[in-house]
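Just passing along the structure, written as structure tokens.
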Amino acid sequence: MKILFVGDVFGAPGRHIVREHLPHVLETHQVDLLVINGENSAGGFGITPSLAEELFDLGAHVITTGNHIWDKREIFGYMTVPADSHERGRRVLRPANYAHGTPGFGVYQGELPNGQAYAVINLQGRVFMSSCDDPFRKADELLSQVTAKVILVDLHAEASSEKVALGWYLDGRVTALLGTHTHIPTADERVLPQGTAYQTDVGMSGSYDSVIGVETELVLQRFLTGMPGKFEAAKGNAKMCAALITCDGATGRASHIQRIMLGE
Amino acid sequence: MKILFVGDVFGAPGRHIVREHLPHVLETHQVDLLVINGENSAGGFGITPSLAEELFDLGAHVITTGNHIWDKREIFGYMTVPADSHERGRRVLRPANYAHGTPGFGVYQGELPNGQAYAVINLQGRVFMSSCDDPFRKADELLSQVTAKVILVDLHAEASSEKVALGWYLDGRVTALLGTHTHIPTADERVLPQGTAYQTDVGMSGSYDSVIGVETELVLQRFLTGMPGKFEAAKGNAKMCAALITCDGATGRASHIQRIMLGE
Amino acid sequence: MKILFVGDVFGAPGRHIVREHLPHVLETHQVDLLVINGENSAGGFGITPSLAEELFDLGAHVITTGNHIWDKREIFGYMTVPADSHERGRRVLRPANYAHGTPGFGVYQGELPNGQAYAVINLQGRVFMSSCDDPFRKADELLSQVTAKVILVDLHAEASSEKVALGWYLDGRVTALLGTHTHIPTADERVLPQGTAYQTDVGMSGSYDSVIGVETELVLQRFLTGMPGKFEAAKGNAKMCAALITCDGATGRASHIQRIMLGE
Amino acid sequence: MKILFVGDVFGAPGRHIVREHLPHVLETHQVDLLVINGENSAGGFGITPSLAEELFDLGAHVITTGNHIWDKREIFGYMTVPADSHERGRRVLRPANYAHGTPGFGVYQGELPNGQAYAVINLQGRVFMSSCDDPFRKADELLSQVTAKVILVDLHAEASSEKVALGWYLDGRVTALLGTHTHIPTADERVLPQGTAYQTDVGMSGSYDSVIGVETELVLQRFLTGMPGKFEAAKGNAKMCAALITCDGATGRASHIQRIMLGE
């Protein structure tokens, strides 16, 4: 069984490049399950219902997010659906270790047309990020409830140490733990000894002639002066970054992970 | 001309793996200039004079470091040499944007046996790190003094945004800007449009069955309990991570960058 | 009923000044319940069993702590006692919102000789501090279990916003919420509208010719150079900082809070 | 000679309470020099030219600010005046250790009607705040240029350690070092041994039935859910917090500091 996970889709360049590449990648690799991190799809900041629809139309089974999830308020209502629903709003996740009472959900369990059960878990790191619940213990808690064998975890986090640590912590308990948030793909993809596919960061899908998606000049001004200024999505040199995981549907054990970076 | 830059050498496994691979890599690629980040060479924490000597004996022209530079006090005196010296202690750098009065130096300019001038600059980021001077303006200041055309910058920093931003800021002004500190190699190596070779992080040289070099179980306990505990270098699955840059010695302009990861 | 809460006792100067002043303060004000924050009693870093005994011998019913609690490992075993014990080790608290599995306890409920029930809760903030569980929800959880009406909360936290916010959150639900950790007493003591005595920070008990307890010259060197160096407790100009709360033992409602700063 | 320094004026409640109290305080204490921190005067976020005019009309000689200085863009142009000007725009300071090229100035030297020279310096801390230049060395640099003997420093900073440390560092070199930013007045005002009046934080001038100026319910929602939401200035229980310094105009040496908190 094949799973494709696409890293943070950033603004229009990100949406265009995934629209260009997803069809042939899904086809070529016979992808069964598609998960996309969409936290930056709205101009770099958040996601709206219509952009979520766009990503679902491209074939996404589940959309994961991260710290930018609440940037666009329109998404709140879209994600406010019953826990046992399978509609699209239910399949836009926010990190599961956000506070109780936060809109939406951080885990989704579904079934592919062929009957294969799968689960997607979204978590956020705490090192160098704003406070949230312990992602290690939240993972334990969720895994005790999930019945699917095929489980993909999107760990949205800054620090490499926290991502690597959670990778080892979940090795053998999930099919893949894939990092997002730094917007730069790492070259450390591997299958850990107990069968969990791991990559510290899948990398952003968006313009790479930019500072992690944002117009370079605007970010440089921020670094040089500390003064505010609107951040806009950069254009040019868009790439889709993703990870392709091969796993056994019956055991959920991964056998292979391949890093993908496709440009214009 | 060929430059090899080796990422954070971590503890004994890091030292062993670079000793194993450096000779054939230097030979195969006809490397002219070798720079090694040695901030973690002493069991993961700092560097001692004898470990610096060990890295120089392997052929390093310059050793760069980062936030762990002061972990071993023996290095203070070793780095306390005249600014115009070319002895080994002068060629162990600490980030140039540390406060005035800090021991040692953050830039070194030297000459290869063939007369080729080169400079190495060590900088540290400020995002998610302890306070230091502005690395952007410190780079401007140093570049106004350096006369060599071939210039390698080791930017020791946490945040991908800061590293990418400084890469663009220095594009065309230095031969290469290579990131260190996260201990995970990134897959974004490229030559920027104005001729600067860039990679967000070169990655650690050490054990990859670990949490960024440290024994996994010890780090997991820290994440799970918040309690102190001695961190020890992990063993097993050591890899040397490095970047190989091809550049024009006359102009300093890079034409190629290649990511290297060599294991046991 | 009178409660005295003494702020972070820092090193020998802190221990000496509380030994000097506690007897007459307890006597003069007819204090019923004495709680002392002891996280810095061991030379500024942690607390040992014998120093805890020293504070208990001075009359402390409960010792609270904070982020320095694990600095001295000897305290681990001392705090490892049954949850229903009332021995001294049980009455050294660490923040209640530390991870499950951490030694010790974050809440203690006891009874004064006159039969008056009381509880002490220790919490730690998350803003600008290392990750721990949500102190707001942990307070809710603990308060649902505590049966005593007289409840004192030591909130060990950095950010004024978080301390003030938790004060309002618990107003009317606890007798007093007193802040610690910044080591500087604040002048905002008051009884909130629903009857909770509040002070953002009680202030340290230790040398005030210092940088929050540490020898000034050592801290200045750290700020000026970023270099490591052993921190030692300063001497001279010791003061005991405390808050004296008057409350109704039957309802737990506070009627008065008085800031105390007593010097040599 | 008497100097009055008023802490962070927060929104309309802050502006009203200072308008109510300043006249009689200035009169009663025969204040010669009035400095007001105005970074939060515009609804809690920034300052506009018309609000600056309002504070100048109340008698302010100089307005200091801090991290919120750029929240309202209208102030940029107002502060863009020649360095040697004495007009009002020149007397709105931003922290002096902001990057070169930032609008405005961080130091102002002027003369009172009686010919008494004075200087005001605005600095920002670095601990738990965004990156800026070293406030210790920036203070050295500015003090080497200032010729006035009477010098007031507003250190806008979060960490008590950094504020106390800079107080000791400048003791005997400035008339007063007064902290701002935490919005809670501290009870540690004193004249340091070499004649510098010191207080870790002067406290906010605004509503104290709030979380450091902001409507309590809004801040609690933020802490409880991590979700965005507009912050609005709270109303009710406004207080003006200030420090009154007595010093020798000829030497600049302080002899007394008095904490002031005046309510509705």
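Per-chain numbering from 1; labels A, B, C and D assigned in written order.
Please note the rule applied: contacts are C-beta pairs under 8 Å (C-beta built on N, C-alpha and C of every residue); 3 or more make two chains touch, one makes a residue touch a chain.
These figures come from a predicted structure and were not determined experimentally.
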For this session: Supply the minimal count of touching-chain steps required to go from chain A to chain C.
Result: 1
Problem set entry | Same or different contact residues where chain C meets its copy chain B, judged by the half mark | same
Problem set entry | Cα-centroid distance, chain C relative to chain D, in whole angstrom | 31
For this session: Would you kindly tell me how far, in whole Å, the mean C-alpha position of chain D lies from that of chain B?
Result: 42
For this session: For chain C, jot down the residues that touch at least 2 other chains.
Result: 99, 131, 137, 224
Problem set entry | List of chain D residues in touch with chain C within their complex | 128, 136-137, 158-162, 164-166, 168-169, 182-188, 200-201, 203, 208, 210-212, 216, 219-220, 223-224, 259, 261
Exercise. Contact residues on chain B for chain C in the complex?
Worked result: 70-71, 73, 98-99, 101-103, 130-132, 224-228
For this session: Would you mind writing out the residues of chain B in touch with chain D in their complex?
Result: 99-100, 126-127, 131, 133-134, 137
